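These are the structures in question, set out in turn.
Across the two complexes that follow, chain A remains constant while its partner is chain B and subsequently chain C.
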Partner chain A sequence: MLKVDKLMVFYENALAINELSIEVNRGEIVGIIGSNSAGKTTLMNTISGLLLDTRLKEQRKGGERITIFGRLSFLGQDITNVWADQRVKLGIVLSRERHPVFVESDVEENLRIASYLLPRREIKGMIAQVYRIFPALFPLRKRKAGFLSGGEQQMLAIGMSLMARPKLMLLDEPLLGLAPATQVKLIESIVTIRKEEGVTILICEQFARPVLPIIDRGYVLENGMLTLHGTGEELYDNPEVKAAYFGV
Partner chain B sequence: MKERVIDGQNYRKERIARCIKARSDDIYALTSQKEMWYLLFPRIVPIVGIAIVAYLLPIYWKKVILTTCIFAMLAVSWDFLSSCGMLSLGQALFFGIGSFAAGGFNHYLHLPVYLTIPLATVTGGLISTMILLPVIRLRGIYFAMVTLILPLMLMRLIEATKLLGGTEGLTGLSPFPNEWVEVTLIMAAMWAALFGLRRFIASDYGLIFVSIRDNDRATMASGINIYAFKAQALFIGSSVCAFCGAFMTHSYQFTGMPVFAMEFSILPIAAAAIGGMNTLAGPLLGAMLLVPLSELLREFGTLRIVFYGAILIICVIGLPEGIFHYLSRKYNEMERWVKIE
Partner chain C sequence: MLVYGLINSVILALMALGFNLTFGISGVANFAYGAIYIVAGFITWTLIEKLGLPHLVSAAAAIVVIGLFGMFLYKLVLKRIRGLVISEVIATFAVALVALELLRYIGFIGFRYSLPVFIDGSVEILGAYVDIQRLLILALSILVVVAQYLFTHYTKLGLAFRGIAQDEHTSLSLGINPDRIASWSMGIGCSLGAFAAIVILPLGTITVDSGYDVLINALSVCIVGGLGSTFGVIIASFIIGYAQILTATYISSHYTIIVSLVAILVILALKPSGLLGHQKELEERV
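Up next, the complex of A and B:
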């Protein structure tokens, strides 16, 4: 479904992603595991197309020079130079790091804003579906998003990316800053999303322990380079992963 | 594009700083005459260039240089305030207060020029800081609004109360001894303000001001009373403007309501926008271009503003980083294509 071929990203002279090739098949949950500075967020921004925009802005103001090599293809179509909004229309939707929501709007309004690409008559049903997946959001639907807790905001952010009816959902560190119990709940919801909506999911995380059991395949990144690739169980049993990410 | 593929081989454009100085804390070790010239060249050229223009050209252009230097100082002071997180739309306020202070000292107390200017600089800075103390807690657009309105209020206050000469203003103030003193003084003051403030911002003390702009809450959390520091920055910035006001008063031998004109607030911002913000030298460069340009366009009559505006827009779209940022990048960095292995 998604194919990243020999991707290289430079921030000025620093190499953020080095010859990375990954593949995501339809219906899978694929995990990208890596510590800080592994290049996870850069990878997510590249796949979602936001990096093209950053590159243009930096170029205009003469700031940091971003260089991108390699090819991206989605459903057989080359999307290397397709802009972020077009990619959303193709079905790639990113839920960004640190759950950005529209803080001045309430939960329901947030979901409505995110439903821009849906036909009008489907919006109600889709919002109801989001509340079904995240029941905790339903009682809060008239509350301003800025007053939600971190976990609730994360649920809302994922719900918002769901509203665009993605084919491929990119989750950038969905567990960041959440309590372990909330993490477990969120992971369960992600499994539900795949089961009920048939969405393919690519998930970036540094908390490997809760994520590894649910993923079909995983890639381990280190300093922008692919170090390990395997199924969820393989990675879970790998002594190096255990040492680096489970702290045992 | 910053990437290129030749024969299946990827190339990327690399930027390298022309690193010439060995630096240890605050000691520069320069190793050759070439390196010294590399550093001195961009500083000496404008100083000498402007001096030549100011001393050799006829009297009309001397006056233009005076105005240019005054606006350049206003722009530098605007940029200094914005470096400290205070977005000011009221350089006219500081300028006007300095002007009326100098006019008042000269007209009522009969002080000579060499006393009124330093006195007006300090009192102008103090009065401006006092007036703005209550709103120092405001940030961004709210602070800007207050500073925008105050000069207009003061202008009408003087008109209504007929204080300080009222609508006629104070006339017949003492002039400078001669035009050479005048030109030398304003140029010296301008370079002193630029290099002094640049040095100041780069010091550990100035770092606090920059950090207030970056994140005032984090600065507070470091145990720094940001309002005290903002007041100090306001005093420094407004003193520079007050000096300009005092200088202009004696140069024209007149002070009156026009010193609170909007022009003194807007032009520095335009200069900073095209010159490059947060560099101090950028706004100065911007003013050096804008003021003479507006003089050159004078022959077009009313169309002047149209051309002027068009040039401004082109500059902001074409070089959003500012001319100074662009030039300094070209001067300090080399570029080359490198093969990616």
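Up next, the complex of A and C:
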């Protein structure tokens, strides 16, 4: 479904992603595991196309020079130079890290803003579906998103991505800053989303322990380079992963 | 005086709404706003006087033309310098200078340029005689504020406006194209300016110089109210509106424009983000 081919990303002369090739097949949950500064967010922004926008903005003000090499293809179509909003239309939707929500709008309005690409008659049904997946959001629907807790904001952020009807959902560190119990709940919701919505999911995370059991395949990223690749179980049992991410 | 202050405040608010809308959504400080206001007046005047079109048709045509011009201005110029605040200000102000001085060059000077009022006549309210046109401005301003609220809360484009206003990258990752929305906000902002011109200008004559005054008034109202906040604009226009009327009554009508400038200075010294503003980097923006 998604193919990343020999991707390299530079910020000025610093290499953020080095000859990375990964593949995501339809219906899978694929994990990208890596510590801070491994290049996870850069990878997510490259796949979603946000990096093209950042690159243009930096170029305009004469800021940081961003260089991208390699090719991206989605459903057999070359998307290397396709703009972010067009990629959303194709079905690649990113939920950015640190649960970005529109803080001045209430929960329901956040979902309605997110329904920009949805035909008018489907909006109500889809919002109801989001509340089904995240029942905790329903009682909060009139509350301003800025007053939600981190976990609730994260649920809302994922719910907003769902409103764009993704075929491939990119989740950038969804567990960041959440309590362990909330992490477990969120992971369950992610499994539900795949099952009920038929969405393929690419999730990147540094908390490997809760994520590894639900992924079909995983890649381990270190300093922008691919170091390990295997099924979720293989990675879970791998002594290096255990040492680096479980603290065993 | 109470009544005149009210009307003056409402006029200020109506003038500022378009500027405020564009800034609030796309962050573009449209310094061509005053010029657009005057150009809209002259377009309407030309259509009525030279082509003999009916008043309402001319007004609608001017609003549409100015709106398209705003979108065109964004696509042609502002899109390339988006995010560079100083460049945006310089570019739009340059457009304003070109438009206004060109009008002066062509010969739109003198007292014969004035727009017809919608309904003639006046009524007495609280002992003051008020033109029906002024009451009409009051009603239409309320209508515009209500319409703007409904638009930004219940339509797709309006909701996308609010999304872009709050977080551009999040909106982009939901499929909302910031450039498209910003060009719409520019178009609608300019149309609001044209609308304001068409209802306000009949109160006096159209002069090129008042283009600068309109910009200063709109700017001061927006800065005092807090850039990007509609409610702030309304409050600020009442403060400045009454202050202007008081100045005109007790000192001299000559000094009214000073009020706006002083208001900018005072608010920047005391509360730089404006009364209801949430723009932290206002010092950089203005």
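Basically, the second predicted complex is superposed on the first by the 248 of 248 C-alpha atoms of A that agree within 3 Å, B and C clash if a C-alpha of one lies under 4 Å from a C-alpha of the other, contacts with A are read in each partner's own complex, and residues count from 1 in each chain.
Everything below uses one rule, namely that contacts are C-beta pairs under 8 Å (C-beta built on N, C-alpha and C of every residue); 3 or more make two chains touch, one makes a residue touch a chain.
Nothing here was measured: the structure is a model prediction, and the numbers come from that model.
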{"item": "Joint occupancy of chain A by chain B and chain C, clash or fit", "value": "clash"}
{"item": "Touching partner for A:104 - first (chain B), second (chain C), both, neither", "value": "second"}
{"item": "Which superposed partner A:68 touches (first chain B, second chain C, both, neither)", "value": "first"}
{"item": "Chain B versus chain C as contact partner of A:114, first or second or both or neither", "value": "second"}
{"item": "First, second, both or neither for A:160, with chain B first and chain C second", "value": "second"}
{"item": "Which superposed partner A:8 touches (first chain B, second chain C, both, neither)", "value": "first"}
{"item": "Touched partner set for A:60, first chain B, second chain C, both or neither", "value": "both"}
{"item": "Residues of chain A touched, compared between chain B and chain C (which is higher)", "value": "C"}
{"item": "Selected from 61-69, 133-141 or 259-267: the stretch of chain B that, after superposition, runs into chain C", "value": "133-141"}
{"item": "Touching both chain B and chain C, residues of chain A", "value": "60-61"}
{"item": "Residues of chain C touching chain A in the complex", "value": "80-84, 153, 156, 159-160, 162-163, 166-167, 169-177"}
{"item": "Parts of chain A lying in touch with chain B, wherever the complex brings them together", "value": "8, 10, 12-13, 59-63, 65-69"}
{"item": "Parts of chain A lying in touch with chain C, wherever the complex brings them together", "value": "48, 50, 53, 57, 60-61, 83-85, 88-89, 93-96, 100-105, 109, 112-117, 120, 160-161, 163-164"}
{"item": "Complex contact set, residues of chain B against chain A", "value": "2-3, 10, 12-15, 320-321, 325-326, 329, 340"}
